[in-house]
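In the two complexes that follow, chain A is the common piece, with chain B as its partner first and chain C second.
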Partner chain A sequence: MKRVLFWIAVILIFGLCLKGCVKKDIPEKYSENILSGNIENILYPDKNKNVEINGVEYLQSQAPVGKFGGQIVVSAIGEGPKTFNPCNTKDATSASMAGLLYDGLLTTEPVTGEVIPLLAKSFEIRGNEYVIYLRKGIKWTDGTPITAEDVIYTYKDIVYAGLGNTATRDAMMIKGKLPELLKLDDYTIKFITPEPFAPFLRQLTYPIVPKHYFKPYSDKGDSVFNAFLNPDTPPKQIVSSGAFKLKEYVPAQRVVFERNSDYYKVNLDNKKLPYLDKLIYLIVGDTNNEILKFEAGEIDVLSLRGSNVARYKIKEANSNYKIYNLGADNGTLFLVINLGNRKNKEGKWNVSPIKQNWFRNRDFRTAVDWAVDRDGMIKNIAQGVAEPLFTAEGLSSIYLNKEIKGHPKDKNVSKASLEKAGFKLDNGILYDNKGNRVEFDLYTNAGSIDRESIGVMIKQDLEELGMKVNFKPIEFNSLVNKLSNTQDWDMAIMGLTGSPLEPHDGKNVWMSNGPLHLFNQRPQNYQKDDRFDWEIELDNIFEEGALKLSYKDRKPIYDKYQTIIYNEKPIIYLYSPIRITAIRKKIQNIFPSKLSGLLYNIDEIYVEKEEDK
Partner chain B sequence: MKLWRYIAKRLLQTVPLLIIVSLISFFIIRLSPIDPLAELRLNPSISQETLDKEIKRLNLDKPIGIQYLSWAKAFIKGDFGYTSAGEKVSTKLKERIPNTLLLTLVVIFMTWSVGIPLGIISAYKKESAFDRLLTVTASIGMAIPSFFFAILMLIFAVKTGWFPVGGLTSYNFNDMSFGNKCVDIIKHLVLPSFVLFTISLSGLQRQMRANMLEVMDSDYIKFARAKGLSEFKVVFKHALRNAVNPMITLLGFEFAGLLSGAALTEYVFQYPGLGRLILEAVMKSDINLVMASLMMGTIMLITGNLIADILLMITDPRIRGVNNGIV
Partner chain C sequence: MELFNKIYKDKFAFGAFLVLAFLYLIILFADFIAPYSSLYSNRDMSYAPPSKIYTITEDGRISKPYTYNYIREYEPSLMQTIYKQDRSTKYYIKPFVKGEKYKFLGIIPCDRHLFGVREGGYIYPLGTDINGRDVFSRLLFGGRISMTIGFLSLFIVFPIGLLYGGISGYFGGIIDNIMMRFAEAIMAIPSFYLLIILAAILPSGMTSIQRFCLIIVILALIGWAGFARVIRGMVLSIKNEEFVQAAKTIGASKLRIITKHILPQTTSYVIIALTLSVPSYILAESGLSFLGLGIQQPDASWGNMLKEAQEFTNILYRPWLLIPGLLIFTAVLSFNLLGDAIRDFLDPKSKIR
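Showing the complex of A and B:
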C-alpha cells in the first residue's frame, strides 16, 4: 500500500512539474498589435551635403551628432563571406561585406530610392551623356588619392572585360553595346550610352576599386582575379575606400570590421565618421541559433519572423530592444505552373501533352488562382505577419501596380472557369474534356517549413476542386535542377528575391529567352519562336521600359507587365512576409526605411554608452 | 622485423581500398541530383554567361569519368583543388582541423579517463547501488540524441548566461591577454564537450564493464583468488590486462572518428570544426571538399586500425606469438 502511495506521489509531482513547463497560448488580445512599430512617422534627417575642408571635398551627414566609439554586433546567416572582392560576389553575405569595404560612385537614397552621389561629388545627365565629378582630396586606405583613373580602370578593365560577376556588364549592355567611357580630367569622367537607357544610372552604384592594388591580379585573367581577395587575404593588405576596414576574419565564426579613420564622410561638427570603432558580424548557421544569440545578448539586431513576433512584442516593454515594422519583404513567394511544351533530348515530353492542355489553358490557371486561400496561409503559416501578394513586383517596390487589388478565395469562380474550359466534375473528381483525371505533382524545397505548409494548404485547396495533387517536397538542389534543367515538373512553390527599385532586374525571369523564365523555360540557343502573345508583349515591355528614362514614363509600362501576369497567371503569387526587426535601444541614429532596412546608414549609427543612462 | 613486414603489408593493402572508396563516393555524389550551382541559377541577377563560366571552372561540362580522373590525378600529386566558392581546399581544411582536434581530443581524454575507471568499479561492485545508478545514467546518456541534448545545453546557456551560445572564441578574442584567451576557449568548449562526453561515456563505460565482468568470471581469476592473491593484484594485474584488449581496438576506431565524429553537435553549437564544414559541403555537392575530407577520414580509419593492431601486438603476447595471425 505504501508503495502505491509513493508512486502516485511521484507521478503527481512529475505531472505538476510538466504542467508548469507547458507554455500557454498567447492571449488573443496581443495579436492585434503584433504589426505595430510602424515606421510611417519617422522624421528622416536631411540629405547629405558636400563640404570643403582644407581642400578636401567631404560628404557631410545631416544626422544628429553622436558619440564616437563602441561597437555593434550583427549576425550573418550561413557560411560567411566567400570573397571580399566586390567585383566577384555571387551571394548576399559576400556582397554586403564587400560593399562595406568599397563604395560606388553613386548610391541609392535609402528612403526615396532615387540615385544620389556617394564617392562622386555630383553628376549631370545631358541626354545620353552622364558626367561624373569626383571628390578632390579623398584617399584609399593606403593614402593613395582616388581619381578618375580608378573609375576608368574599374569599368574598363573589370566590368567591361567581364571579370568576376558579369551582372553589371549585362545590365549596362544596350543592344549589344557598352557605354563609352571618357576621362575629361583627373576628377571628371563621362559615360556616353548608345541611347538613353534607364537602368544605366543605377549601374553606377558599382563599387570602385583601387587600380594600383587590383591591376596586378586583373591582368592575369579570370581565374586569378576570382581568387583575389578571398577570405584568407591578410586584412592589413586590403586597400579599400569604405567606412569600415576589414580587421579580422575567423572562418565560420566572425568577421570584424574596424573604423576607417580617413573616411570621406563627416558629421555636422565636421568630425570624420563613422562613429563606431568596430562592426562585428557573427556567422551563425541558422535562424534558431541567431535567436538564441540575441536572447543571450551576443548580437544587437535580430530579424523576427512568424511566431516569434508575438513573443518578442510581449516582452518588448521590459526589454532593452525596440521592434520596428519595416513593411513587406520584397522577395516573392509563388506557385509557378509549367507551361512548357517541349521534349527533352531523348525525345520525351517534359510535361505530358494531356497536362499541357491544362496548364497552357488560362482558365485552368485562373481556377487555381481563385482556389488558393491566401488569407488562410497568412493566418496559419505566417502567424499574421504577412500581406497577400498578387503582383509580380514585390509589395515594397516603387513600381508596384496599385491598381491590382487581388481577390479573396472563391471556389465558385474557380468552378465556373473550369467549366468554361470544359472540365467536368464527377463524384468530386475532376476530369478534363477528354475524360482524363486531373492529377499532377506539386514540388517545393524540403526543409523550408513555410513552403511545405503552403504546399499542404494548396493541395487541400485544389483538392476541393476535384484535382488530385501529389505534393512532393524535394531537396532544394534537385528542385532547381528540375526547374532549370530537366523541366519535368508540373507545379512548384518557389520564391525569388527582387529589387524594389529596378524592375528591369527581373528581365531574366520575364523575357522569353531569360535563363530564369521558370514557367516556360526555353533551352539555351533556342531558335523556334513559340511564344504566347502575352510573352511577346512582356518581351517588348522589358525592352521598352529600359529605354525610357523618367520614372513617370516607366511606371505605366511596368504597370502593364504586372497586369499581364496577373491576368495570365503563369505564376500565382501568394504572400509577402512582413519584415520585423528588433534592435537594442542603445543603438542610436536609427532611421528605418522600407527600402533599405535598419542599418543602411551604418556610418552614422552610434552606441549610447551604458554609463550615460 | 616481423612487425615491419606486417606494417608494410597493411599499408600496401590500403591503396586499392582508397581507390574503391574514392570511386564510390565520387560517383555517388556526382550522380545525386544535387546541382552545385543551384543557388546561382535561382538568382535573378546572375546571367547565363556567369553560369557558363562557373560550369567551366567546376568542370561540370565534362563527362563524369574525366572529372574523376582529373580529380584523382591532382589528388595523387597532393593537390586537393578548390572549393566551389574558389578557396583552396587545403587551407579550408587546415583552418578547421585544429578546432576539431581540440574538441575531440578533450572529449576522448575525458571519456577514457572517466569511463574506464567507472567501468571497472561497476563491474567489480556488480549489482550494487552504485552500479545500478551508473546503469540508469548510462541508459539516459545513450538514449538522448546528441543534437537534442546540444539544443538543451544551448538553452541552458541562454537562460543562465554562464556560458557563451556556441562558437569557439568571443569576438574580442584577439584583444585578450593569453590567460583570458585560454579562459575564453575553455568557456566555449565546456558545453559541446559535455554533450559529447555524456554520450560517448555511457557506451565506453558499459563496454568496459562487460569486458571486465567476462574476465572476472573466468577460471584463472578464480584460481588467482584461490591462490590468495590480494584483490588489488587480482583486479589490476590479472583481470584488467585481459579486459582492456578489446578497448584498444575501440581506440583505433575513435582515432578515425577524431576528425568527423561530432558533426551534429558541431552544427548545433556553431562550432567551427571540420564536421560542420563537411556537412555544408555535402549539401552543396562541393565535390573537392567532400572528397578531400572523405579520403582523410578513410586514411584516419586505416591508420587508427593499424595503430590499434600494433598496440595489441605489444600488449597481448598471444597475438605476437601466432605467425601472421592477425586479420
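Showing the complex of A and C:
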C-alpha cells in the first residue's frame, strides 16, 4: 500500500513538472482600462472677506456653503507628534498639528502664494514699516480676547528671545538686526525693518500664542519652554486659537481634534466654521501601512506614488474616492559633486588633489550631467510618475526659470566634453591628462530602494564613459556627517525640500558661507576667500534678491541664479515625483492647489452624508 | 560514513541533504547556469514579468521551447507601465549559447551559458527587478553570499569557543570563575544596538562585502561566549573520566589533554551546533540587508533582493520578487532538518520518538 502511494506521488510530481514544461502558446489578452472623465480644473473661490457681526470682526469664507457635522480621518506617517507647542516644532507632523491649533497673523493664499491676512484683519506696507490691524472681538478658546499684547509677546518673548525653534528668528534677521516692534493700540502693531526686505512679510505667518497661557513657562527659560505642551498635556488645558482644538491623543495610535465652536471664520450664511465635528489623525508606521488602512476604509486621504497610482486610477471609476494630480513635488533629488579643495584639521586633503582637478573642472561636471539617464530613472524608479528636473528651484516654485529646458541623455556630448577637458579614453578606461585612472566614490543613504536604484543607474551611466564608480549606500547619519563635517566624499545622491514661494529660503545652500553649501562647504569662521567666480555671483544674487520687494523685480534675479547653477552644475538635478492624492468623494469643498495640496482649507471642508449606507 | 548511512535512511534528513547539495552545486556553477551576470541590466525592462516559455505553438504543434520578448508601454492617462509580448519573433531556447564572458570556477575563461536565446532576445525565467536585472541570475549569485557567509563566522566561533570552554572547564576553580564571568560579560553586549552603531562608524571606504564580513566577524566575536559555556559544562563532566586520569598519569601536558582527549569527546555536540547555527547566519544576513546594514546594492544577496518585495504593490503585482524569501525558507528549513537528524544519530539518549 505504502509503495503504491509512493509511486502515485512520484508520478503526480513528474506529471506536474511535465505540465509545467508543456505550455500552449495562446496570445495574451490585455484589458483596456478606460478613465473616468478628465482632470477637472476647480478654482479656489475668491479671497476671503472681512464681515462685522455684533461688533466682532469675522473672516468670511467664500467657499460654497456646506453641511455641518461629520469627521475626516487622515494619516500621519511616523511616530506621531512630539509636541503641540507651535514655537518648538522640529518635525513635519508636529508642525502641521500645532499649526491647526494656532493661527498666524497672516497666511499664504493657497493658489497664488501671496500673503493674505488670517488672524490679522488687514495689513499695510509703507516702505520698511508694516502695520498690522487685528480683528476686534475674537477670542482664545478659554474666552480671553486676542489682542496686540499676545502678538508682541509672541515675537518679543519667544521669537526674538530665541526660544524653541529659531528658524523664524534667523530668517527675520536683516544684517544682524531684528525688526523693531511697536504697539500702536490694543488692535494695531507696527514692525519696522532696518531696510526693505522681501522675505520678511512671510515670516508674519508665525503662529501667535496666548500670552496668559504661555508666559509662566517661557519665563522659566529654554528647557521648561521646550517641554511645555508636550504630548502628555491634558487636552482640556490647552488654550488655542485655530479652527480645531485638541480632544485626545493616544500615543502611537491617533490624535483627535474637535471643532472650535468659537472660531473667527464664518461661511457665506455667517454661520461659524469649521464644518467638521472631528478631524482625526491616524498614526501609521509606514506608507505600506497607510495604503492598507486606506483600502480598509479607515482613512480618507492617501498620497500615491510610483506604481500605486495605476492601481488606484484603474479602480477609481467604481470606487468611493477621487484622484487628484497636484503636479510636481517641490522637493529636489540630485547628484552633488564635492568641489572642496580644503584640508582637514590633521592636514589631510578631504578630496585628493587628483580628484579635485576633475571635480572642479566644469567640463567634467557637464560630462556627468549629460550621461545621467533621467528618463530611465523616471520610467523605472518612479514608474512614470515624475518629471525630469534641471533647475535648482523645484518644478512647482513660482520662481521657476522656465527658460531652462534641459536636455536628454547624450553620451557623445559627455565624451566631447571630457575630451575638451583633456581626459583620454583608452581601451574603455578613462584617464585624466596626467594619466590617472578616473575612479571615485558615490554615496547615498542605505535603506531607500529609490535612491539605491538611482545609484545603480548612475554608476552604470558613468561607467559607460570609462569612469570607475564605487557605489556605497551608507547609513543616513554617517552620510550627513560626511557631507557636513568630515567632507571626505566625492559624489552623493541626496534630496532637499524647498519652499515653492520663497527662493531666499535656499540661501543656506547657495550662499558660500551657508551651513548647507554642500558642494563646497566651508568650515565655520572660514576667512580665506576662495570662491569661484560664479559663487561670488550667487552670493550677490541672494543678497540683492532679498532687498527687492516685488515679484516682478525679483523674478529675473532668481532666474539668473538658476541659470548659473544649470551652467556650472555643482549639483546635478535628477527628477521630481508628481504628487497624486486619492480622497473620498464624500469630502466636499476640495480645491486642489499645486502649491498647497488638498486639505489646506480644512475649515471649509465638509462631509456629504452618505444616504445609502 | 556511518553517519551518512543513517542520514540516507532518514527520508527527511536525506531530502534536506539533497536540497542543500543542489543549492550549493548551483551556486558553485552560478556563472555557467545563470543566463546573465549579476550586474547585467536592461533599463527598458524594469520589473518585467517572468518570460513565458512555450512548447506548443499557436496552431497546436509541439515545438522546441521558445519565448517572446516583452515590450514596455506607458499609458500616460493611467500613469501605468504595461508589458506586452512582442509576438513578431520567436526566440528558441537553446543549450550552451554564447553570452557574457566569465571565468568558469574563477579560473577558466568561458562564454557559454547553460541556456539562453539568440542575440536580440531576452530570457528572464523569474522576471526582473527595478533596475531591469534578471532575478534568476541574481538569485544564483546572491546565494553565493547568503549560503556561505554563515561558515565564515563558524571559523571564528568554534575554535575560540572550544578552546576557551575547554581551558575553563579543565582548570576549574578561580580560573573557571574569572573566565566564565568574562564570557557572561560578553554575552551581555546587545548585538542589535552594536550593529546599528557599527553601521555608523565603520569606515566607508570598504566595499559592501568587506563591511559585511567585518560585521559578521564582530558578531562572531561576541557570539562565541554562549557556545564556550556549553563546552565548559561538558568538559567539567568529561575531565573526571578514567581516560583523562590515565592521560594525566602518563604525564601528558594540560593543553594536550584538553585538545587531544577531552575536546574530541564533544564532537557530537559541535557538529550539531555547527549545522544549527548556519541557518541563523543566513537569517541574520537577510535581516541586516533588510535594515540596510548588510550587503548593499549593486551586489546581490537574498536578503537585499527580498527587501525590494516589501513594497505593497510589489507583493501584489510582482510576486516573483518574493522568490528569494522562498529560497531563504528552503535553505534554513533544510539546515534545521539536517541538524536535527544529526543530533538524533549522534546523541541517542536525547532521542524522543
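Rule of thumb we're sticking to: the second predicted complex is superposed on the first by the 571 of 613 C-alpha atoms of A that agree within 3 Å, B and C clash if a C-alpha of one lies under 4 Å from a C-alpha of the other, contacts with A are read in each partner's own complex, and residues count from 1 in each chain.
Heads up, the rule we're going with is that a residue touches a chain if its C-beta (ideal position, glycine included) is under 8 Å from a C-beta of that chain, and two chains touch if they have at least 3 such contacts.
The structure displayed is predicted, hence computed values, not measured ones.
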Which superposed partner A:Lys609 touches (first chain B, second chain C, both, neither): neither
Which of chain B and chain C A:His407 touches, first, second, both or neither: neither
Touching partner for A:Leu292 - first (chain B), second (chain C), both, neither: both
Touching partner for A:Glu475 - first (chain B), second (chain C), both, neither: both
Which superposed partner A:Asn230 touches (first chain B, second chain C, both, neither): first
Doubly contacted chain A residues - partners chain C and chain B: 292, 475, 477-478
Of all residues in chain A, those that touch chain B in their complex: 73, 79, 82-83, 90-91, 162, 165-167, 170, 222-223, 226-227, 230-232, 248, 250-254, 256, 280, 282-285, 289, 292-293, 295-298, 475-481, 483-485, 494, 496-499, 505-506, 508-509, 515-516, 524
In the complex with chain C, residue positions of chain A that touch it: 21-28, 30, 33, 35, 287-288, 291-292, 306-311, 313-314, 373, 376, 379-381, 383-385, 441, 443, 446-447, 449, 452-453, 455-457, 459-460, 470-475, 477-478, 482, 578, 580
Chain C - residues contacting chain A, complex: 41, 43-44, 46-47, 52-58, 60, 65, 72, 74-82, 84-85, 87, 130-132, 199-201, 204-205, 207-208, 291-293, 296-298, 307-308, 310-314, 316-317
Residues of chain B touching chain A in the complex: 33-36, 38-51, 53, 57, 82, 85-88, 91-92, 95-96, 154-155, 157-158, 161, 164-169, 171, 173-174, 267-268, 270, 272, 276-277, 280, 283-285
